[in-house]
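One chain, chain A, appears in both complexes that follow, with chain B as partner in the first and chain C in the second.
Right after this comes the complex of A and B.
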């Protein structure tokens, strides 16, 4: 179990978080769910996950701020996938500019998310 | 007293009513009671609501994992998971008996619906119907409350229950607008023919907002083939006609031109305008006559619309009509539009007329005394005026001559001196060529620096020798007549000498700098010359630069102790240094090699001469090997510990097997193994193995014979279903028996027999049927044992599963497509054991 790939899922919607968590765990990943930005920050100060999946709209600390925090303050190269219902062009561009690796617009397909996670992790492994 | 009271009452203006105090108390009491009841009700309902909300949240948390489990259940999962899934199904069956739970389930599914897509969404729709939650929505349709009906329609639409189409169509002409609108959107969403039904049957108005919503639904519908909307142009409902026209325009359906032309005669202005919009879009030229016909009786906005269409479709023939509009129409906007139309059809045919003055008014003024607007600057040589004046004009002069007339005086000097003199004290003579020459005024401006200007001479002078000392010339006349000769000014001899001195200084400085750190720069032809000789003038552009690499100081001697400190990895670097030294020797003799280390001295002193390159390479390799060996030997001597370590022993296959056997005997054996060990010891030739055997014989001599218990087969076969069966309701027990029939094996037989013997008639019959099915299945398995026991079919751990998944990652599209196309039935298909192709191949 210790060798499992860990994923930090930052999603304030409990139902969706539970659903995605189940899907990712079934896909063989170890998933930790954070309900808001504060929790995410606390978790990141203790552990570095292999991947971060975060919603843009979160209490206390938005997804954009989280990317900025991870890339510029923690200087981490962890792959970040953004999930958002506000999938307009500006949001997508901003997310990518800040350093997000992928963007999924709601409604999302959990199977698609799983494939994208695998792809990003593989890519990150090769880059490392 | 009485008198005083009378006085008091008479004097007062206001008299308070004499109300009975008891009555007042009664009212106060009633008010307090009402207030208490009011706050009590508020408190009660508030608490009830918050309790209900908390209960819903709690139940949601309990039900969400179940829903998620259902959504992501894999049919090919292993048996444990399948059993869990069956238990979950049974559990959820019991839960949905409660209306509260059903409500919560609907809420969860409705909530998840907006966040999910793809195959998971399809599974969600299926689950909604499999759990029978659509029946709750149907019940809502029967309610008399409009909000309940509306919610029911919404649920059925969101969960894509196509069967509900028939029930919802009843609400298309409902008198309550909310329900009607909900039903309209629902039937269009559920089925493609919903739009046809709606347009055919609706008798109510369709608001603009509703039209937009329906259009949005149609646009978002996948693979939607719109019907021919011209069928509804004949509808009695004007809104349907209007909507049909808009849809025709949206879907570019130009197959109803005749109907469009006819609609121009419609009483409704909106329909007229929509028809005109279509006519303009589809370029229906045939409609022009009808447009002109209906024009005069139309409203102003329609008239403007008609003129707009005419301007778009019409040609010159329409100008007569448009002119008549201008003549007859009283409305300003219509008039303006028709004029604009004329100009669109025939540009610039209508010119401005308002506030335009007659041509006669304009008179030509008398000629004023002619004044030459421009001044001409004449630059001439002041000494001799042999040639007629030529006028020189440039932009700079034109700009300046308004402020001050200039006179330029050019002295007779050679061109180089001339330029200097111009630069130093140039005089510009400016002559104003007017009729009256008296007005000419000459001024000298010494302050102007005209050194940057080119010399301009007249063509008559011909090419002037640039170096002739008394080459006087005068410049005058028009600038167009002049021939411009661009002359390059060179430094005078003194300046040239100064320049040479400067270059020499630079060279000296350069030589100093070069001597310090720059590479040697030597002319090609004079390679042997030293750097000091660079003081002589050279054309520096023709010099060839010879780069000589200056190596870092390597004046260290490798003593044996120093060699010890060298890592073997650094030998490569040392070799590189040798090469560099050699190369540098070949390039330049001036390089010093006296400081090279002793070990390299022999290599460095050898010159690479004309003998042969091969010889040189070989000698270098020899030297390199020699040096490596030398270093190794020194390191060996230093590293005494390494020699004390035992050498590795490599066994052959037989020896390895023997050692493995000895390991097992050591771990599990007792004194009974000693005879075997003795035999082996006699035959063994390898010393280490013999030693091991001897050690084991000594070790096992004192041990007791271990008493091993024989492994008893587990006689009592327990069914996994039996544990939960008794705690279930009858309905759930029946469902479980169905599942047992699908997935059960021989372990379930005793349990089923017990059920047949001691259960109710219903359960007993079901169990009997179930038992029969299991027996048939087992029988068929026995007939084809090789097919049903595939070697690859084993339970994988999570880690193993992950590895397999990682190795066989399919492309995203394939996975999504696979998931989307895979049939999913929560209660029926889950436990069909399908042999995978790979398994079948393996079995074969």
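Right after this comes the complex of A and C.
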């Protein structure tokens, strides 16, 4: 493996996932896209990414459960940015309570996501 | 009877709710859903259990009085209960929608869908009850305004034609020569009655014709009696059931309701309306031969000179038609009939439209889509057309401030005219308006608007043209989001095309299988994509498929929507290729 910063992107919409992957890779990150909660769980029990970006609404294994799994079962403090649908502020609050670090509402601006990713990674470095 | 109906639906919902597993949804939504359900239930119980306040005099002379009073008390209670039920019920429906947006497993989805179907039919029932009790208690206020009967009949026929799906039913209307064109009365109630009876007739005819005949029965200076006859050659009604037909909850056959649907209040509402308009209604039918509904309503003759008739651009209409294809139109309208009417027409002219009565939703559309023309109903319940216009004219964006607004109104006074000018409404259309009138107004203002835009922002327009060679898609935003990287853009567009083809195949199968959960999921999957390439016509279809799936879906209609998607996608596909090749060459 390389020394590249790795990002796990859990997003079930193929098109949005592709767009974000392109932009993140272009930004120099190594990106793993998953659209399936089980896959995410398996991946996380083997490797720890430097950052997780996840959609709150995902089939079978929601973003909320993912945060809970990472924070409470794996007990990791890897930064988590969540993607939420517009008008779902309550979900966002719950996600923050569970331990999410930042959020973006759909429609997502990839440029904004890149800025937030960089900011969270920088913060995490100082704290670590 | 009515209350029992409510209760049994309620029980159905309750048992569904108790089976529903909320464990995996520890979110606040579940609590909200439960809470609104409880409020709803206790509201209902309080109303039903409330002791009857009427004392019971035993003397015979009081009997008739007592009965009438009891009846009006009953309808008062129903009216109140219905109102009270609607609020928590809307809560249930809203939160069920939210719940459905979260990703559920297939079992949960089935349960949520069942809750949704049950609560939607409950809402329909409550709405009909409310209208029925309003009519019965005489609380309904009837309008007395001047209207164009010929225009009204034209609109009704147009709407009825849209109800004929996959059947060989011919619709015929005939108005006798001596029937006056302009009358004073309640046009919306007349429309409601005609649509209800004709809609029923169309439902029960598989092949044949439904005709509307209007003749003059009696004409005096102060009143004209008009006879409306609606005849069909459908399945007919047996003599025994015929005199029951206007009573609430007696659809001709108990089997009929399961086959043809409906809550069983429709015709009793029709009868109430006709009687409240001082008219009378009769029905005549032979089993297997068909049915004739005949009603007579008196009107005051109108004075046609009072109505400012607008110039009609009939001859130009075909030329005009081409120039509005693909136009994006935002419509503020709250009346369901008018909504449907405008929707059908704009669809026929291949315009993209968004119809709402909600100011916030409308502003959101304006901020996120390029809207060419706004049609604005002036009288709306929550925020009227003037107030919404004010919001639009004060918007931060210059583009939004300048979009032409055409007011739609049934009664236009000099004061309205002054107000329109003051608020910045560009023009108005008097209801009922003909398709030609609507078309010519849209064309007029669209052209003026584009002229202004071209002069003011020639550069930006040119840049947009590169992406926007047709209005079917717009890749400007996606290109920006791809960091102006052609390779990424082509990749994404390819992915979108793959998804769209998959959607077409899957949806077709799911419609054949009547698999509404599957279809709803497929629609959900393609939605983000159509929004990203801004294929508005497709987005509109997908949204309608999703909405249709929410209730008990009409698969014939879904078939139609699917075929619309297929044919529109062909154009979108072409447009995408065009935009990409333009970009490559620039």
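Just so we're on the same page, the second predicted complex is superposed on the first by the 125 of 128 C-alpha atoms of A that agree within 3 Å, B and C clash if a C-alpha of one lies under 4 Å from a C-alpha of the other, contacts with A are read in each partner's own complex, and residues count from 1 in each chain.
Methods note: a residue touches a chain if its C-beta (ideal position, glycine included) is under 8 Å from a C-beta of that chain, and two chains touch if they have at least 3 such contacts.
If you're wondering where the values come from, they're calculated on a predicted model, not measured in any experiment.
Asker: So, A:26: does it touch chain B (first), chain C (second), both, or neither?
Answerer: A:26: touches chain B and chain C.
Asker: Identify the partner contact of A:15: answer first if only chain B is touched, second if only chain C is, both if each is, neither if none is.
Answerer: After superposition on chain A, A:15 lies in contact with both partners, chain B and chain C.
Asker: Mind working out whether A:94 is in touch with chain B, chain C, both or neither, as first, second, both or neither?
Answerer: second
Asker: Which partner does A:123 reach: the first (chain B), the second (chain C), both, or neither?
Answerer: Neither partner.
Asker: Pick one for A:38: touches chain B only (first), chain C only (second), both, or neither.
Answerer: neither
Asker: Name the contact category of A:62: first (chain B only), second (chain C only), both, or neither.
Answerer: The second partner, chain C, only.
Asker: Does the superposition put A:107 against chain B (first), chain C (second), both, or neither?
Answerer: A:107 contacts both chain B and chain C.
Asker: Which residues of chain A are in contact with chain B in one complex and with chain C in the other?
Answerer: Common to the two interfaces on chain A: residues 13-16, 18-19, 22-23, 26, 85, 107, 109-111.
Asker: Using the touch definition from the top, list the residues of chain B that touch chain A in their complex.
Answerer: Interface residues on the chain B side: 60-61, 64-65, 68-69, 71-72, 74, 108, 111-112, 114-121, 798-799, 801-802, 805-806, 809, 812, 815-816, 819.
Asker: Which of the residues in chain A come into contact with chain C in the complex?
Answerer: Touch list, chain A to chain C: 12-16, 18-19, 22-23, 26, 57-60, 62, 64, 85, 88, 90-91, 94, 107, 109-111.
Asker: Which residues of chain C touch chain A in their complex?
Answerer: It comes out as residues 26-29, 101-103, 105, 478, 481-483, 485, 488, 491-492, 495-496, 499, 525, 528-529, 531-532.
Asker: Residues of chain A touching chain B in their complex?
Answerer: 1, 3-4, 13-16, 18-19, 22-23, 26-28, 85, 106-112, 115-116, 118-119, 122
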